[in-house]
Amino acid sequence: MKRVGILTSGGDCQGLNAAIRGVAKALYEKWGSEVDIYGIQDGYRGLIEGSYRRMKQEDFSGILTLGGTILGTSRQPFKMMRVIGEDNVDKVKAMKSNFKKMKLDCLVILGGNGTHKTANLLSEEGLPVVSLPKTIDNDVWGTEMTFGFHSAVEIATNVLDCIHTTATSHGRVFIVEIMGHKVGWLPLYAGIAGGADVILLPEIPYKLESIVKTLEQRNKAGKRFSILAVAEGALSQKEAKLSKKEFKAARAEMKYPSISYALAAEIEEKTGQEIRVTVPGHFQRGGSPCAYDRVLSTRFGTAAAQLIYEQNYGNMVALQGGSIVPVPLSEVAGKLKTVPPACEEVRSARDLGISFGD
Amino acid sequence: MKRVGILTSGGDCQGLNAAIRGVAKALYEKWGSEVDIYGIQDGYRGLIEGSYRRMKQEDFSGILTLGGTILGTSRQPFKMMRVIGEDNVDKVKAMKSNFKKMKLDCLVILGGNGTHKTANLLSEEGLPVVSLPKTIDNDVWGTEMTFGFHSAVEIATNVLDCIHTTATSHGRVFIVEIMGHKVGWLPLYAGIAGGADVILLPEIPYKLESIVKTLEQRNKAGKRFSILAVAEGALSQKEAKLSKKEFKAARAEMKYPSISYALAAEIEEKTGQEIRVTVPGHFQRGGSPCAYDRVLSTRFGTAAAQLIYEQNYGNMVALQGGSIVPVPLSEVAGKLKTVPPACEEVRSARDLGISFGD
Amino acid sequence: MKRVGILTSGGDCQGLNAAIRGVAKALYEKWGSEVDIYGIQDGYRGLIEGSYRRMKQEDFSGILTLGGTILGTSRQPFKMMRVIGEDNVDKVKAMKSNFKKMKLDCLVILGGNGTHKTANLLSEEGLPVVSLPKTIDNDVWGTEMTFGFHSAVEIATNVLDCIHTTATSHGRVFIVEIMGHKVGWLPLYAGIAGGADVILLPEIPYKLESIVKTLEQRNKAGKRFSILAVAEGALSQKEAKLSKKEFKAARAEMKYPSISYALAAEIEEKTGQEIRVTVPGHFQRGGSPCAYDRVLSTRFGTAAAQLIYEQNYGNMVALQGGSIVPVPLSEVAGKLKTVPPACEEVRSARDLGISFGD
Amino acid sequence: MKRVGILTSGGDCQGLNAAIRGVAKALYEKWGSEVDIYGIQDGYRGLIEGSYRRMKQEDFSGILTLGGTILGTSRQPFKMMRVIGEDNVDKVKAMKSNFKKMKLDCLVILGGNGTHKTANLLSEEGLPVVSLPKTIDNDVWGTEMTFGFHSAVEIATNVLDCIHTTATSHGRVFIVEIMGHKVGWLPLYAGIAGGADVILLPEIPYKLESIVKTLEQRNKAGKRFSILAVAEGALSQKEAKLSKKEFKAARAEMKYPSISYALAAEIEEKTGQEIRVTVPGHFQRGGSPCAYDRVLSTRFGTAAAQLIYEQNYGNMVALQGGSIVPVPLSEVAGKLKTVPPACEEVRSARDLGISFGD
């Protein structure tokens, strides 16, 4: 009897259940009643606390289209792992101990960047691990695409579409804040797909003057409205020169709930034009996965099952050149796949006349 | 030759173009080349400033599905009309004067509550007016339904659906702020359709303790998450007792951008539980109208054309008992169709176990 | 302990689960652990065969957005009830007998026209029945609206929207066949909402010449394309004069799978123009209910629970004048709410220039 | 002054307007008022007949989200080119002649496989051509992805989702016929994303016995329903052995409008189980492009503009390894990118337990 543990960690996203289903269905196809799957509750926390349940085959039916994760998830353990102090060593011990108590043959881990650091740590500690890259940010190193990304792009684009009709009707300037603290793939793609006039990314710090100039040029050209797609993590060129500590201090003093509100106030002051702000927030990561993500999640899932079958551990399944390949966790952990400021998508957007505020 | 002026005023919503198309197509069907339609730019502002253009038949093609308004809109004239001072008298004069200059036979006005006050004023001043009730708030007196409402409910419900999957996965409490400053039909309907656990409306002031109790009961019952659908205009029972002036002062001191953030902070303080806030904002009024609104807008539009044909002026077209009927503008102006706290939808929600925080 | 049986019968539609949830949650709110709900499997068949299960409270969680019915459904018993022969008498006996064996206090029945005939029969036989009107056809007598209808309109309208872009690009004539065998509310509403040029309904038999004339006029006016929204049950004026038997015979000889293909062939012969046919079929009744239907289903559900609480049996919950009211089953059974050819929606469509082919 | 002609040919799909906009906006950004763009009407037909118009900058505004093609399209010229007889030589002459009369510097062509054959022919005849790969079939040689594909997958998946809820509720077997005459990428992706139990592709001929066996196994396993995603061009292993002529003859004798109906009848005969058929048809290629397609279309469009800028003609823009690259038309023309029966997506589906009926 094979015993496989599975957990989802970090912020949830679309396609998690589709991927879980892919792993499970492929394992049952391969091993039939010779495999038992254990769902570990709420991510690493469940592994630390020994909270899990034996899954039944029917638990994985009908979840292809379901948003979120049937296993639950949590974020804290990620933070915990960043600084490995005494206490965390104990937590790693607890995880290893529970892995043994559960008599698992391997551990399947679905998560983003933080999750993969811990997955690598567990792998280095000797646990047989296979992981899958999930995140709406598409910022996991080693894979061309994560699942969740295109579903979130679809939602953020739909918000931009809706804002378009109201902006045109009223002749207004709108800022739509799109998820992406450190990495801007989501605002970049949604900004292009949603026809934004200005896109601000964490990777391309902006100058206020440049944004103002773009808005003025559009006014002069008789364009009644402008739409700015702004990453949560957008920052000015001045801010980009600050040390991490100084930056944090500056932002802590900011009296607005997010950069979009602060930026709106600055633009209003410069131009006298009223700016509206929309912050769709968490709903970008919820709901049913788009078809693209369902296929990708399924492919990742069945590929992960194949790695388990081959006892090929210590890898993340990744999309490279259109194929699913294993990538060593040690290559993935601790790296971030950011938007190269001169990448093709950015150049295409610039060719179209979209400003990046730089 | 008949000459018909048409304008859209106030915040835009879904179905405006569908209604405009309904009026225009029905007029052309009735009168063919014997009618000229003049599009007045940006609402009453265009009438005041004499900004308009002669429309062509093809201008009304392909706009059934289009969000926003092809005529543009503005909000200021509404504010202006609230207190009729010297200056506003001049503006009314300007509107009457431009109406004459344009040699119009009548004026078609699409708008919400503010718009209808002005429409009634113009009607009382002798202009032949026909109006259509648009607003996502469904708060226009005299009609069972306004167009825009069900499209906005659909969008807000979709936000709640997406928040549901992330709330379940993380075991979190979420506040979703839904449009509705004075009237809560939109948060009420979206709250029921989106499976909210708590719905807060302007018409039913809340007690913080009551909300906290509901959340604690859900915790005890093992429910991992809770979702609050909160109207922009939600207010506490204490605030409900303040005078208008005191209320404004209290809100001006509030250090949060909206009631949802303030409420989240209060609940966090009381329960120690983290609360997430999502504010979808203006995108609730944008995008393509849902099928329901397209049919309703079309019916309102053709009914308005019929009133023009019959020279039956001074009315708003309204839905009553499932039929489109004319309602005198004098009956509509200045009234607000609020949510009766004991109405059937509220009772149905209570029967279901939804709390209104009272 | 109260014991409530619940079943869904006839073709499924959107909102069934939302309505089931409404009934159940309201019953649990009223009676807590003092009520047991029994889910009867696959409609009346389950009642005949004694196939049911005791439901748990959690069975009704998370189903608000779910298409179909968690109880299963079947159609045969409806046919069976049409002619009550010896065998059917036995089946009614079996239902009554199982009702007793299950020690039910009452029976909640969700269904359309056929279902309500049987519900009335059971009521006349002495069973305490409460029913809810479901169907995408909106043809249940006694209620202004059934749940499922607006969700189906939304889907059919979306099909028409998509066909529009391809029809415009290619300059083609398209027939979209929309569900509705005997009653045309769905093709009527979808036709208006989807901007059809011709709408054919069972209630308004068409003349081929009239359709051809409309298409030729559009050609002359330089309109590159035309879209016909055709009810499954559309029929020509000649066919309308046939006896039921003659009509069946004529249709049996028709070499096309549905009226749309036959009509396309006839129009092609007359005009020489190629006609494309699209038959979306059953997918019009599937998927998640729209917000409108979720609210209506919920209101019907809680109102049905209230009737059970009051032991007010023998009724269907219905929407009348915007309120939910009980209507005696005897008034509902055996009647069909068809589209009156001179109803307001038809007139509005005609005012817009839409042809009904008559 | 640069003069650029642009045409769309073959069946329309989502993203055509987004791509046209990408080309145009990038050309205007590069050359400003130094470039004139000529829209050629209805594909190659417009080039043959000399039907075109000078476009204005505003013609390309607001079309990012619009389905279809603002230039119109036609299919006949493709057929015409298959056998180059005397008449066609004249048509090629006409195209070259009109190209000269229009004083064009180059020709931008958006289309699928047939279109690219002609594009290559024109290129070989000396016309400066740049082309873009559009099609919902994703079967253009030389590019990993065509625009239109993922939008169509999204629609077909949504149909499968809706059919799922009705199939589950009724315990039925459904066939959903998905576009794809010669190539099965669309039914393959939609089948995986929509949770189909059986997928039939033109590239993997089926055995009836195998399908029947799968259905029987599902019945035995207590699964109440089954869904078959069947390509328009699905064929049996027997048919696969026929010559082209024999195959055509066999299909001509088939008394059903499409393979799905014929297959349904065969399965019904073998199993006694009723099978329902749904044929969504052309609506799979209509409506607004999904976000993925908008970004891809835009990237293709700006890359095509860059090739024009560099006077790098005779190429199609293609996606390879995630980058947009030029591929010589001579390499693309006449080839079809079919589904390799052992490709990763097929293997992933098999791992999941999906049957391909072989």
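Per-chain numbering from 1; labels A, B, C and D assigned in written order.
Going forward, a contact is a pair of C-beta atoms (placed from the backbone, for glycine too) under 8 Å apart; a residue touches a chain by one contact, two chains touch by 3 or more.
Predicted, not measured: the structure shown is a model, and the values here were computed from it.
Traced through touching neighbours, the fewest hops from chain B to chain D number 2.
Averaging Cα coordinates per chain places chain A and chain B 35 Å apart. Rounded to a whole number, the gap between the C-alpha centres of chain A and chain D is 31 angstrom.
Taken residue by residue, chain B touches two or more other chains at 161, whereas all remaining positions touch fewer. If you sketch which chains touch which, the chains form one closed loop in which each chain touches exactly two neighbours.
Per the touch definition, chain A reaches chain D in the complex via residues 22, 25-26, 28-30, 64-65, 144, 150, 153-154, 157, 161, 189-190, 192-195, 290-292, 294-295, 298-299, 302-303, 305-306, 321-324, 344-345, 347-349, 351-353.
Against chain B, the residues of chain A that register as touching in their complex are 8, 11-12, 16, 42, 66-69, 72-75, 155, 158-159, 161-166, 168-171, 174, 176, 224, 256-257, 261, 276-287.
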